[in-house]
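Labels A, B, C and D are assigned to the chains in the order they are written; within every chain, residues are numbered from 1.
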Amino acid sequence: MKKIGVLTSGGDSQGMNSAIRSVVRTGIARGYEIVGIKRGYNGLMEKDFIPLGSKDVSDKLYRGGTFLQSARSEEFRTEEGQKKGANNLKEEGIEHLVVIGGDGSYRGAAKLNDLGIKTYGLPGTIDNDLPLTDYTIGFDTTLNVVTDAIGNLRDTMSSHERVSVIEVMGRNSGDIALHAGIASGVDAILVPEQPWDIKEISYKLKDRFNKGKTHSIVMVAEGAGNGEEIAHMIKDHCGLDTRATILGHIQRGGTPSAFDRVFTSRMGHEVIRLIDNDIYGVALGIENNDITYHRFEEIFEAHQPPNTKLYSIFGDLV
Amino acid sequence: MKKIGVLTSGGDSQGMNSAIRSVVRTGIARGYEIVGIKRGYNGLMEKDFIPLGSKDVSDKLYRGGTFLQSARSEEFRTEEGQKKGANNLKEEGIEHLVVIGGDGSYRGAAKLNDLGIKTYGLPGTIDNDLPLTDYTIGFDTTLNVVTDAIGNLRDTMSSHERVSVIEVMGRNSGDIALHAGIASGVDAILVPEQPWDIKEISYKLKDRFNKGKTHSIVMVAEGAGNGEEIAHMIKDHCGLDTRATILGHIQRGGTPSAFDRVFTSRMGHEVIRLIDNDIYGVALGIENNDITYHRFEEIFEAHQPPNTKLYSIFGDLV
Amino acid sequence: MKKIGVLTSGGDSQGMNSAIRSVVRTGIARGYEIVGIKRGYNGLMEKDFIPLGSKDVSDKLYRGGTFLQSARSEEFRTEEGQKKGANNLKEEGIEHLVVIGGDGSYRGAAKLNDLGIKTYGLPGTIDNDLPLTDYTIGFDTTLNVVTDAIGNLRDTMSSHERVSVIEVMGRNSGDIALHAGIASGVDAILVPEQPWDIKEISYKLKDRFNKGKTHSIVMVAEGAGNGEEIAHMIKDHCGLDTRATILGHIQRGGTPSAFDRVFTSRMGHEVIRLIDNDIYGVALGIENNDITYHRFEEIFEAHQPPNTKLYSIFGDLV
Amino acid sequence: MKKIGVLTSGGDSQGMNSAIRSVVRTGIARGYEIVGIKRGYNGLMEKDFIPLGSKDVSDKLYRGGTFLQSARSEEFRTEEGQKKGANNLKEEGIEHLVVIGGDGSYRGAAKLNDLGIKTYGLPGTIDNDLPLTDYTIGFDTTLNVVTDAIGNLRDTMSSHERVSVIEVMGRNSGDIALHAGIASGVDAILVPEQPWDIKEISYKLKDRFNKGKTHSIVMVAEGAGNGEEIAHMIKDHCGLDTRATILGHIQRGGTPSAFDRVFTSRMGHEVIRLIDNDIYGVALGIENNDITYHRFEEIFEAHQPPNTKLYSIFGDLV
C-alpha cells in the first residue's frame, strides 16, 4: 500500500486545509495511507508524523491556516538536512510527498525529489507570485478579505475627508494590490512592477478633493513602499489629512472562499491521479480553468510577466 | 461622438453594477456618451433613458443587484416590440447597446443586432448556465453566499442530529449546487445533469449516522427536485429527522466578490475595445482567464456539457 | 467535591456553548467537577454523561449551536421520567444541574428541583420570550443575522420593484420582528402582540411606490401570520409584485455576537457563585445590565408585556 | 415651527447615521424642521447647514461613519467661536441642537446651552468612556468587529505557534479590550484601569505552550501600552515568537449592529420627546435598558468606576 506524506511550509494561506483534506480523502478512497508532517520541514527533521484518517480532516474545510502548522527549518536548508529528511521519509515507508507552499518550499521539494522521494508541489501562498498557475491557494480569499476590509473602512474614512493609504501584502508581486484595488474602486495603486510618481498621485488626489470628493484610497503593495511613509509623502505634497492602515496578518485570515475550496479540492484529487500514474517531481497549478502540472525546473525557470493589461484597465476606471 | 446604451435584463446578479460602471467609466475615458436604460427591455419600450456620468456609478461597485433595475417585457417579445426598441435607440442616436443578462436577454440582443443596433452581451446570471464562458457574472459571489449560509447553518443543525436538505438555485444547471456542495463538504449533491437514487442516498446517510456522524447535508439544485419533497423522501427511507431549507433570494444578495468585481471590470473594458474596433453582435465571456467574445449564433448553438469530472471528484471527497 | 451537571434543551441558540464554557471554566477554577449531559433531558434518561474539562470547551466560544446537542424527550415529560432523571443524577453524585433552554426546559428544571436536585435555569432561546430578563441567549445574535440577511436582500429586491415579505421566528413574541425590523428600516412590522390591517398596509405600500420608492419590506413574526399568505394578500390588495422569504433555520445560525458571548460568560460565572452560596431553584437573567435571578415560580407567574413603546417609536421612523 | 439642528463631532462611530435618521424622521413626524450641520462644530462656524428631509436619511441606517461628517474646530474652542456658533444658529432660527459625540463634544454643547441654544448630547464614541450610560453609540458594533477580526486571525496565528498581541482602541477606557477579550477567549487582557506585570503574563503564556497550546492572544487597550512594545517585551521574557497586530481604523468600520441601530433609533426619538417637553441642556444615555437623560454638569462630574467585576470574571475563564 502506498504511503503519502503531506506538509505545509512557509506562510500559511487559506485553502491549505482544504488541499490536505482532498489529498487525504481521495488518497484513502484509492486505498492509500496518508501521513501528516507537522510544522513543515521542521517536522520532517524531527519525524513529527501523524497518521491522517478521513475523520481527521472533517472539520477543516472551512478553516483558514493549516492544522498541520508551518514553520521555517534552518536544518533542512543544509544538504545534510535534506538527506536526513529523505531518510526519515524512507524509514517510514513514505515514498510520495506533497508539499504545499511557495517558491522556497518548492525548492526543498525539488531537492527531496532528487534524493529519491517522489514529490508534488501545491502553490500555497496568498501573494499569487508563482509562475505557471493562474491562481495560488489563498489568493482569492485574500482579495475578498482585503476588499471587505476596505468596504468597512470606507464609511468611517469618508466621515473625515481623508486620504487613506492601505498597505497590503506582496513583496515581489503587486497582484493583491492590483486586484483588490480594482475590486475596491481605489484611486491609485502602487505595485513593485510599475513605476509611480508620488507628486503626480498627490496632485490628482488634491484635484479630486477640490472637485468635491470626500475620501480617497491609495493602495500600496508592501513591495512598492511603506504605507506610513507614503502617507507622509502624500500629506507633504498636497496637504490633505492622510492616514495609513497596514492590514497585516488579517489578510491571511478568514475562512477560505468557495473558489479556494473547490480549486484545492481539485488539486488534491489531481495529486492522487499523478501518483497513480507514476508522475512526480512536479508542481500543480490551475491554467485555463484546468488543473495542470509542470516539472519543478520549469517553474524555477519561468518568468511571470507583470499584469500590465490589468493595470491599464484600472487606469480607465478611476 | 459615439452614444452607447446599457441595460440589465432578466434576474439580477451580483456584479452587474460593476459591469455597468466599467462600461461607463471606460467609455467616458474614450470620449463616448453612455445612456442607461431602466428596467431592461421595458425601459427600451418606454424610452426610459438616463444619461450616465462618472459620478453616477461612484457608489455602485460594491452593491449587489442592478441600479438600472430589471424587469420582463412582454411587448419586446413581439416583432413590433423589437422594431420599436431599435427605433427608440436610433431616435436617441444610440448605435451601440450593451445587454447584461442571461440566455433570454441575449436573444433579444441578437434581434436588435439584426435590426441595425450594434449589440454586446455580458453573461449576467448567477446560474453559470451560459456556454462559452467559464464563469457568469454573480456565480462566484453566489457560491460564497451559499457556502457562508451553510457554514452558519452547520452548528445549529449538528445540535439536533438532523439531515439538512438545502435547495439552491439552478433550474437547468447544477453548477451552484455542485461547486457550493464541494466547498461546503456536503454529503450528497443532487443536480439535474446527473441521475440520483434517493434510496441509495438515504441508506448512506443512515450508515453515516450509525457510525457516529451527528449531521448530514444534502444539496439540491432546484432543477433536480423540490427540497421539501426530497426531505420527506429521505425521512421516509431512513427515519432520520430531516429538514429542508430553501435558500431563495438570499442567493442573489450580498456585495459582489472581488472576483466578480475584477472580472466585470475587465469585461466592461473589453466592450469598449470591441466598439473601438467595430466588432459587434457578440457576447463576451471569460475563457482561459482571458476575456473572449463569440457571435450570438455561436452561443445559441453551443452545448455546455455537464461537469462530470467535478462530480466524480466530489464522489471521492465524501 | 461538588459535581455540577449541565445540559441544553429545546431549540438551540447562539451563545449556549459560551454559557457551558463559562460554567465549566469557572466551576473548575473553584475546584468543582463538571459533567455534560448530551441531547437535553434525553441524555439524562439514558445517562449519556461526559466529564467536561477546561480543554473540552476550548474551541467552543465562537461556535453557534450547542456541542452538548439538544433534543426533545417524551419520557422526561412523565412523572416517572422526571424521577428517573433525578435518580440518574443522584447515582452519579450530581447535586447541581444547570439547564440552558426556554420555558419548557425551565419547567423540567423546576420539577427536578422539587425532586432534590439543585437546579439553575439559563434563558437559552432566540425568541426573547422569557420574562424577568431583558435579553435571552442568542437574541442579539439573531437580530444581527436577520439584519444582515435583509441588508443582503435589499439590493437584489430593489432591482425589481418588489415588495418583500420576510418571515422571521417568534411564535409568541414579536421581539425579533420588532427589533430587526427597526434595525433594518422596514416599512411594516407584523407581530402577534399588535393588531394589523392588511388593507391599510397595502395601501401605504402602494402609496410609497407611487411616490417613487422602488422597494418595500414587510417584516412578519411567524406568530402573526404566514409569510407566503401575507405576500399573496398584499399582492391582491395593491397589485405590487410581492415575494415572500422565510428566513428559517438561518436565524439560529452564525457565530454568537460579542454581546451574547460576554453576557453568557457572566451568567455562567453567576451560576457558580449561586452554587457557592447554596442558592438554587432559580432562573438567571440580565436586568439593568446586571445578572439577576428569580425563583422558577416567579418566572412562570410573570407576565411579559408587549413592547408597545418600541412599536410606537417604529411608527414615527417609517 | 421648531427648527432643530444636528451635528456629529469628534471621532465617528457606527450608529451615528441611525441616530441622525431617527432625529430627522421623528422630528418630521412631529412637524419640525431639521437642519444638518456639516463637519461638526466646523460647519457651525462656517454656516455649512443643509436641510434634512425624510429621503435624505433613507439609505443611511446601515452605513457606518457619519454622512454629516466630523472634524475638529480650533475656532469653536475659543469663547468668540462659541458665541459665533450660537449666533449662527439663532440667525437661522435654530433653537435646538443635537450634538452626537464624546466628552469634548459634550463640553461644546454645554457652552452653547449656556448661550441660549437648547442642546442635547448623544453618546457617540466607540470607547464606551462616557458616564451615566451603559453603552455608547458604536461600542457594540466595535466589539463585534474586533471579535470577528480575532476569529479570522485565530487560524492563521495557530498555524505558526505564536503569541499574538492585539492592540485595540481605548485611551482612557479598557472597555473594548475587556469585552472583546472575553468574547474572543483571549489569554490576557491589558487595560489602563488595572495593573499588569509583563513577567507574570509571559510566564503564564510560556507555561501554556509547554502544556501543548499552539497559540495565545494578548489583548491590549491602547491606553495600557503600545502593542509592538508589549510584543517585544513578551518575546524577551519567554522567547516565544510574538507578533503585534494594531487593529486601527478597522474598529470604527462596518455596518452598525442591530443593537446600535435600535438603541440610536430610540435615542433620536427621545430627543424629540424632550424637545416637546421643553427639557434641554442634557445628555442622553441608556440605563437599565431605558433611555435616560442627565444634565451636562452631572455627566462632567460623574466618575465611571472600572468594571473590576468583569475583569475578575475574565480571570476565571482563562
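Everything that follows uses one rule, which is that a contact is a pair of C-beta atoms (placed from the backbone, for glycine too) under 8 Å apart; a residue touches a chain by one contact, two chains touch by 3 or more.
Computed from a predicted structure; not experimentally measured.
> Centre-to-centre on C-alpha atoms, which chain is most distant from chain C?
Chain A.
> From the mean C-alpha coordinate of chain B to that of chain C, what's the distance rounded to whole Å?
36
> What's the distance between the Cα centroids of chain B and chain D, rounded to whole Å?
So the centroids are 41 Å from each other.
> CA centre of chain A versus CA centre of chain B: separation in Å?
28
> Could you list the positions in chain D whose residues touch two or more of the other chains?
255 - these are the residues of chain D that touch more than one other chain.
> When you draw the chains as points and link the ones that touch, which shape shows up: line, ring, star, complete, or other?
Topology of the interface graph: a ring, with each chain touching two neighbours.
> Please name which positions on chain D make contact with chain C in the complex.
Contact set of chain D toward chain C: 21-22, 25-26, 29-30, 61-62, 134, 140, 143-144, 146-148, 151, 179-180, 182-185, 255, 257-259, 261-262, 265-266, 269, 287-289, 310, 313-314, 316-318.
> For the complex, which residues does chain C have touching chain B?
8, 12, 14, 39, 63-67, 69-71, 145, 149, 152-161, 164, 214, 243, 245-246, 248-250, 252-255
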